Each structure stands twice: as C-alpha cells, then as structure tokens.
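Below are two complexes that have subunit A in common, paired first with subunit B and then with subunit C.
Showing the complex of A and B:
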C-alpha cells in the first residue's frame, strides 16, 4: 500500500529538512513544475516529509535545510542532520539569518509567549531564533524570503556537477539597473533597500513600482549608514529606519548593526 | 481488556511538523490526539508596533503555502479599521489572485499530497514513475495558478504587490488577456481531474459535520461574506470572537478552536464551503460535481479530493470571467489615511476560513493582532474523524493501519506551519 517507488541506487541522495519556518522555501522545489520530475530523475529524493512518507535512513549526499533554530530539540536535531549530510545547503532567510521569528531576539520571548498562548508554560522555546551556521558548518547559503526557484535549480545543478553555484552576490540595485527599471528612489522618492540588499529576486519590487524591502538580506559589504542618511532625507524617522532593517533578515549582521544604530 | 496504541512519529505530506496518538480499548478507539510540535514563531506578538502598511508582508510569512490568504485577511481587516473598502477592478484583482492560490494549493494537495494515498505510493514523485501523465497534468494546472500569482502578486510565494488599499502596480489589460488561453486549457484539464479522482476507491462513510464557512449573496466565497454554519449561525466577521474561542492544550503548539455555544467540533475548508455554497458555484462546476456523483453536500472526508478538484474548476472558470471583464483601474490603490480603530475580517484560505483582527493606534501602528488559522479550527474535528473512522480499519496490519490514520488526517489538508507540522502517530492498544 505504501510502496517506496523504485530508486536508482547510484543517484545522489537528497534530503529536505524543516526547522522553524513557513514551508515556503521547500515548497519552491514543488513549485518547479517544469523541472521537478527531471530533478527527481537526476536525484534520489530520499527524505522530504512534505512530499513523501519515505523515512529517514542512513546518510544523504545533499541536504537542503529550511528554517531557523528556536528550540532545544532543534538545536540537537541540526547536529544529527549535519552528521548525515555530505553537503549541507541552507535555503531561505530563516535558515540563513534567523527569519522573521528572529524579531524575538530584540524582545523578551516570555512576554511574546504570554501574548500568543494562554498557557506559556506549555511552550518550550529558546530566547533567540538563530541561523543554521550558528550551530553547524554550512556549505552554501541560498538567500531569500522566499528563495528564487531558478536559483534553487542552479544550486542543485551545481551540486550535481560538482561546481560552485553561479548566484551573484551584488546588490538588487545593480540587478535593477541591468533590467532597465526607472529608479523608484530617484524618480519617485520611494524608500528602497535595493542599494544594500543581496541580489537574487530579479529586482522584483521596483519592477512593481515599490521600494525593495530587503527580503534577500544584506549584500556583501553594504554601506547601510549611507543609505539610512538618504532614507532619512526622504522623511523616514528613526523608528521607521529601525523597522526597515528589522523584518525578515533582522539577525543578519549588517542589518542588525544598522537597526541598532537607530535604537530610540 | 485488550488495548493498543498506534503512533505516527512524524506525519508526512502535510505542511508542518506534528504527530498522532490513538488509544484503542477492547476494539474501540477511545482517544485520538494530534500533537503539533511546530516551533512557535509568535506572529501576533511581533506584529505589535509595526506600521499597518507592513501587515500584509509580515502576515504572509505565517504560511508559504497560502500567503495570499494571510495577505487578504490582513488587508480587509485593516481596511475595516480604517473605514475604507476596495471595489471595482481592484476588488476583482484580489479575487483573481485568490483564484491563483486556490488552484496552486488544491492541485498540490490533490496530486502530490492526497492522491498517493489512493494509488498506493509514498509520495507524488514516486507516483510519477508509474503515472507520469497524471502527475504532469496536475503540475500543469498548478503552474497556471502560480502564473496568476506571479502576474498579479509579483511571485507565487510571499507576493510583493499586495497593499492595504489595493496593489502597488495594476496589471495591464494585455497582460491579463495573455493568461486566457492557458486558463482555458487548464480548465479542460481540471475537468479531467474531477472525472479521474471520482473513480477512486473511497471508504464508505458519512460524518455529521457542523460546517462553517463564509457565504456571500452573489459569489462563491473568497474575500467577503458572512460567517454561516450548517446549524443556522449567520454573523458578520466582527462577531467571530463572540461565537468562537481558541484554547490551548498541552500537546500542541497550535491553539484549538471551538464554538462557544455547543460542544461539537466544527469543520472549515472545501467540504464546508461546498456544502454551504453549492448553488453559488458556476454552472460548469456544479455540472462537474454532479457528474462526479457527490451531490450538493459531501460528508465523506475521503471524497474531499473530488471537492478540491471541483473548486479548482470553479477557480479557473471564475478567473476566466474576471480576465474577460477586466478594465484597468484609474489608480492601483485607493488613498489611505491612518486612524485609530479596530478592524475584523475573515476570508476563505484554500484550507478554510481565516480570521484576523487588528487594533490600530492613531499613527497607524498595530497595537494588537489576533489571527485564527483554519487548521487550528479543524484540529478538534480531525481528532473526532480519527475516533469515528479508524475503528473500521483496526483489523489491518500495523503499517496499513498507520497509513489509514495518516490518510484520515490528510483528508483535511492540515497546514501545520500555519496552525503554528505534523505527524507522529502512536496507537495505544494497551
């Protein structure tokens, strides 16, 4: 009744793991409608509980890890995942920088629990939400809230070919210029995090007449204080400036430091 | 006395982390408990102090499977607090975006999560090795749902184009028209899916459900309507908390919900919407349902796969109507001014009714947020389903029985990420 299908023993074994998250990044794999069956032929999808009942067994060649570490149990579980994985790739903002749930890192988690739960004493949680790299060695980090599915296919293909993934580390701003968009900040005075945000989304928000809100996290060596000065001249107050860096990648170092500069 | 415990350690093919424990005494299922160990993320707490303009983006992150539902309940509730309403083409675009999410989410569940139970596979990818054309057809329809979300929302997961008051950018008429041909092809394929799933071998059962969903005078419900039940309840969204309450049980990080008057657990989702709104389905969708032999009320949870396929037909049909009549709005959003107030909204997520309430300060910052997702409302009922349905399968070998238990849970497409994942199953036979 619950056949496990026929696996090619030689295909690399893929596992998809979930920690604290919304499931969106692993859904990106199921959203690759045109590529999913090809990926399934090239790889043995050996552990992917959202998609299959096949149980954990043995070791995996590639582990995709979604979600952040927020409980004592998960802090132990990620050690086991690392031991079972030849390569470990984090997918998305939660696994790479702690996610939106890392807003607790700037607050009191007991107070948070008392707001949501009638019986906070039933809840076992850590005071912080932390990225996977705080706990184990990570071989590659794919950014985004959510990840871009084209980039996911690139990372899986690169792994199969034994090469480094071709995912640019420049800013959304550069991607936006390459796309030929009119600058929303220069032309319309719309606050935009594009100059400090990691590329990967295809400069989506500016393409929809909206400022970038930083869901791919900071680029390499961003100049956030300079951008903040510009945002301030566009009328953002200190509180708004702090909030703009404290969303889906609040715990990422460059965004955390900049948000703390605007503590009231 | 003989007794037995059946346990499922981690429930597969559901969105999130959870388990299941069932106790059997003298051949009778005496208790069934879902244990949800999805780590809490505290959305209602972290929303406080944020600007109302940020709510749709933050709320979306509750669930990667149904972000549009969270965005829609958020914008409607905040617009209620601000005393504005979105009408005309902007309202149509929201409805079209919701069609996209229903198509995507239902086809994911029907083909990748639920169908493997009926055809005897561990998952959709394994099933595709023997039933490649079926899976490809399902993925093709799902892709059209994603294309709607990508056009209107910017991307399929956590769309970026939704804002309080409308959208950041409204699509051009030509962009929408380009969807038409693919929608028509997907509609034909969805009608084939209804016929295909109607032929599955279903356990013979009917449950006496209390159905709860939205009802709108002229439409099958997505964004708007009153909250109604099969027992006569008929209230606006602002009276939700007076009629329903959430409570906390130790085994679960998801809150359970119940009606304040009456002990029976209630059901939200496709079966409830369908039973309470059959006559508001398009003639084509009604015809497909009749052909599939499910009548205007379906109380066999295993047949929910047919209802999801029928709702997919409806969503494609409705999307085609919206595309055909679309005229570009004068502005992509209406003007919004912050003010103090409280706002309420319920909309129909693919998995059922999703309630939001926000209290705003005069500067538009969020003072309080309350969110009741469909899966927390359905938890009690899923446990009742297990208690009443699993008894018929107790003669099966342990592995098959465990599989039946999982299938019984998957009937309701629980989204545990939302409800704050699923399944460990323990069957205690003593």
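Showing the complex of A and C:
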C-alpha cells in the first residue's frame, strides 16, 4: 500500500472509547508515530475523541475501550458500546481490572466525596470501580498501566489478519531473562513483583534497575503468598506488603486477595 | 523409558557430531604444560573472532563482548546461595576468581530470540527470505568445565539425530574456546556430584589454571588450533611445582562445593516418586516464574511466534526461549496439559535429572547451580532431591 491516506474501501471501522481513566492508554495509540499512518490506512478511525471529532454513529468492527466503570451512566454506556461493536478489546489496567481508582473498593466512597467535594450531593458515583468485563463480554484484554504501544499494534495487526495476538501471559521474569537483565531481586536485593506479574512491558523497570510494580496485573498462575514471604525477608513489613499489591491492579483477584492477607 | 538399543543410537550420534577439532585433545593433554602470563591472553584479539568473556555489568558477572583484558572482572569474587548473588572484592588481582553468573554461553549459541524467516507480499507474489546464518566466529574466554559439558549436551540436542539446527550449527562451528579451571567453588556449585568439573577435560582449545592471581596461567592444549595459539604467544615450560600447584588448586575447589547431589541413582529415584508429597510442598513455594529454565545452560525449549504488520504486506516468524513453567508450553487444543504448578515443577526437575537420560543419553544437569541462585525464592533442586530420597516411597524398589 503506498500513497497517503488511501484506505481500502472496506477498511474495518475502529472506535476508541473512554471511561474512567487518565487517557494514558489512548495516548499510547497517538504515540505510535511511526505506525499511526499505517493504522489510519488499514482502519477507518470512526470514533476517537482524542484525535477526531467524529460523532458516534452506526457500528464498529473494532472497539478499543479505555477506563473502568465508576458511574451509573457509564454502566449504561458500556452496554451501548458493546451493542455497536463487533469486537471489543479493553486496553489498560483501568479497563481490565478497575485501575488505581479501584482503591475506592477498599474504602467508603461517600466519606471520600464529602472530604473532596463542596457539594457531594452533586456526585453520582458508584461505590466501586470495576473492569469492563464485569459488565459486558470482552473479546480481548490488553494489560498495562499504561499499555505497551508495541503490544497495541500487535493486537490491531492480529485483529486485521484474523489471528491470535502474541501477548503471552507468563511472568515478567521470562522477558527479563530474554533481555539479558541481571535480576534486581537476586543480585541487588531489590523487591520485585516480576514473578507474579503478567508480561508485556518487556521488563521495563528491571531494565532500569528497579523492581517491577506490577502494573500489568497478575500473570497466568500467580503465587503471591510465596513471593510475599520473600519480599518480607527483604525487609517489607505487613503494611508495605499490603500496599505493594494495592496499586494499578488493586482489584485484580490475586493482588486483592494478597493485599487483604496483609490487612492489619 | 528407552531401551538399551536406543541409547546406543544416541552414542552413535555423539560420534557423528563430535567436533573433529577436538580429536587431538587426549594427545595434547598428555604433553607438558606451559605457562603464559596475562598479556598472552590478549593474543586472540585480531584473529578475526568476536571475543566473548566475563565482565561486570549491573553488579553481576555477565558474558559479553570484551575488547581488552581490562574488561575482565579483575579482583572480583562472588557470593552465591539460593536466591542470592552478590559480587565481592577479593584481596588479590585474580582475573577468574569467581564462578558462573546469571548468563551462560547458551545466549550466544542458542540466542533468546531469533528470527527464522521474513515474508513480503509483492503484487501477487510472496517472497520468503530465510534468516541468514551467523558468519562471524566466536571465541569464548573463560568457559568453565560445567559449561563445556552443557555445550556438549546442547550439541546433542541441536545437532544429534536426523534434524540438525542450522542456526545452532553455524554459531557453534569453529568456536574457539579458552576454558578456565575453577580456582574457587561457588556457593551453589555441585559439578563434582555430576562429574562435570571443576577441571576441564573436554571441549576446549586451550585450558588455563590461574596459579598466580592475575598474572600466571598454567596452559593445557586441547586442539591443534589451541596449540597454534600457544605457539604464537610468549610461553615457557611449567615446572613440576607449578603443575602441582594447579592440581592443588583444583583439589581444593573440588572439596569446597557449595551443594551436592547423589546423582548415581537420582534418575530412578525420581522416576519412582512421581506422586511423592514433596511435589506439593515445592509447588507451594514455586512462582512458576521460569527463571530456573532461562538460566539453565542446557534448557533448550523455544516457542515459535508469528508476526504480521498492519499493512498485511510483511510477516515474520521467530522463535524465543520458552519454559515448561508457562501454561502456553503445554497448551494443546482445549487447554494446557500441565495446569498445576506441581506438574510443571515436576516436569522441569524430572527432565533435568531423569528423563533426559531417556531422551539424550545423559543427565540434563551439569551442576552449575544457576537455577538455585537465580530462583527468586531460592528453590534448590538438590534439596528437593534430598527430601524425596529421605522418604522414598519405594526404597530399594527398581
């Protein structure tokens, strides 16, 4: 395909939807400078509020959904999005596990609202932040806070080619080793969530000498209690252990259960 | 379990794939030893090899391209235990005063990620381009005895049998190997148990024993290429006391292994204890993180991945290291066969120490200790084997 902006007439229609989120994952798509032209040629970007002003109309072949469900209005809107979408892919920790805003699930939202807002009665919010898959059928979940743009391109390419995306669900450690990194936990004593965290980032943090914070959420078969025993021998107390699992994916089952095990 | 006949087939394969360059080894080994100094090691430079050797990076000793002797970890030692690795400062200037680190030569002979081919659609045609084999030859500086055994094991995996791996072959052929006999034993080493060290006895061009830290090396010749190298260096004959000194160093190393494993019957021990309760015990600790398989110098498993670009005009196939600890590894239509971590840990350990004999005619473990050290929770296969032995369900059974 050459020339500029010539889309195949039957190009699939893409929509990007936003729910409760920071926009970081949508921006990952805009950040794909090198690939964006190819995306624009391969797909008809029919709805993408960050990039276009096109109105919502008709149906979409591929919907990328960012953000979690935190309001009654959004809980209804996601049903509409699902109806309009042939394939629905959630992108990022908010959409796949409820995001950092799911910390509200461990607290009382009304109390928060009364502290933060002058007129809390104007706030129509749900008591919890929940992933999209709690509300509608999701065809594929892309992890990360934010998502990895290479993985996003992979998911779109796989969708266009009608194949399964190569986004393995093993630990971050495997990618860490493929990269030839020295393990920060074994060689430096730095706490690292890599062994219980879903791969996809290319072991970004350990590549910069830091432990993994678990932003891709739990891997396929996480053994958090065993890792916690190790983290505690590296000096983390109960409070620290509770907090380390309670970040971007606090609501993801394995991380939630493990953080609750360390509730004081 | 394979029959005796099948094992002898494996031996035939061994002969077929043995590297002719190593055939003069026994003759060479019997000859008088020589001494070279550190500067002599620089002679490999400029001989057209990519020089790979130990060097310090990110507080560990890794294998990487080295330009000069200054890149070697002079005066550095290491402290190793289950899930624990730290570099230490030695009180001498030894160039090889540490043992094996997180990486092995596997990363060069069997790279972590390797493209196999690319395809491009041009009009109605599909052009497929195989990945060219690597041309530049490696010289490995500082390979340890256990590592030479690991390379020999991977030779059987990749070059034995009917289908040789062309990429491994291209990378493996004509590697020049400078072995180093271990002057210290690591905290997790058990090569003595596996009969794979600490003295290099096969698979090298020349082997060094560091008899005066940082300055004086006793040299043994393994091949004609090794002899040619030695001939090109300033060297002198070793005295009887220098030869004795080298032997004493190696005896001391052998006596100070950090770990041990009763290897004689471990194959049968594990084979008859597949339902031992210890597998549940280790599964409770195991993270299924894959680190042990990644760092193991003999683990060879890969997964093949296809990629296509957004335009649909280009695609490629690559392979990357995979591990029997992932769910995808045992995925067949309908799901993964090894769902439980117990079954995955058992697969790993029985493959290393038991079924490898059936498959390749030897142990799959060379006793390097990497899987113990680089396991984030310090799971130790020698300890697991010991626990199983202590309550062997069918003691004495065959």
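As a working rule, the second predicted complex is superposed on the first by the 255 of 264 C-alpha atoms of A that agree within 3 Å, B and C clash if a C-alpha of one lies under 4 Å from a C-alpha of the other, contacts with A are read in each partner's own complex, and residues count from 1 in each chain.
What we mean here is this: a contact is a pair of C-beta atoms (placed from the backbone, for glycine too) under 8 Å apart; a residue touches a chain by one contact, two chains touch by 3 or more.
All of these numbers come straight from a predicted model, not from anything done at the bench.
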With the two complexes overlaid on their shared chain, look at subunit A and say whether subunit B and subunit C clash or fit.
-> fit
Which holds for A:223: it touches subunit B only (first), subunit C only (second), both, or neither?
-> second
Quick one: subunit B or subunit C, who's touching more of subunit A?
-> B
Counting only touches as set out at the top, which of subunit B and subunit C does A:155 meet: first, second, both, neither?
-> neither
Which partner does A:71 contact after superposing on A: first (subunit B), second (subunit C), both, neither?
-> first
Go through the superposed model and pick first if A:182 touches only subunit B, second if only subunit C, both, or neither.
-> second
Between subunit B (first) and subunit C (second), which does A:38 come into contact with in this model arrangement: first, second, both, or neither?
-> second
Touching A:209, do we find subunit B (first), subunit C (second), both, or neither?
-> both
Of the two partner chains, subunit B (first) and subunit C (second), which one does A:25 touch, if any: first, second, both, or neither?
-> first
Just subunit B (first), just subunit C (second), both, or neither: which does A:15 touch?
-> neither
Once superposed, subunit B sits from subunit C at a minimum Cα distance (Å) of 11
Going through subunit A, the residues touched by subunit B and also by subunit C turn out to be 1, 209
Touching subunit A in the complex, subunit B uses residues 10-17, 37-46, 48, 50-51, 54, 57-58, 61-65, 67, 104, 108, 112-113, 116, 120-129, 132, 135-136, 139-140, 142-143, 146, 154-158, 160-161, 168-169, 247-250, 253, 255, 332, 399-400, 403, 406, 415, 417, 421
Under the touch definition given earlier, write down the residues of subunit C that touch subunit A in their complex.
-> 57-60, 62, 83-86, 102-103, 107, 112-113, 284-291, 294-295, 305-313, 320-321, 323, 325-328, 341, 373-374, 376-377
In the complex of these two chains, what residues of subunit A are touching subunit B?
-> 1-6, 18-28, 30-31, 33-34, 36-37, 40, 45, 48-54, 70-71, 73-74, 99-101, 103-104, 107, 109, 111-113, 115-119, 122-123, 125, 129, 145-146, 201, 204-205, 207-210, 213, 215, 240, 243, 247-248
Can you check the complex and tell me which residues of subunit A touch subunit C?
-> 1, 35, 38-39, 41-42, 153-154, 156-158, 160-161, 163, 166, 168-171, 173-174, 177-183, 185-188, 192, 194-196, 209, 220-223, 226-227, 229-230
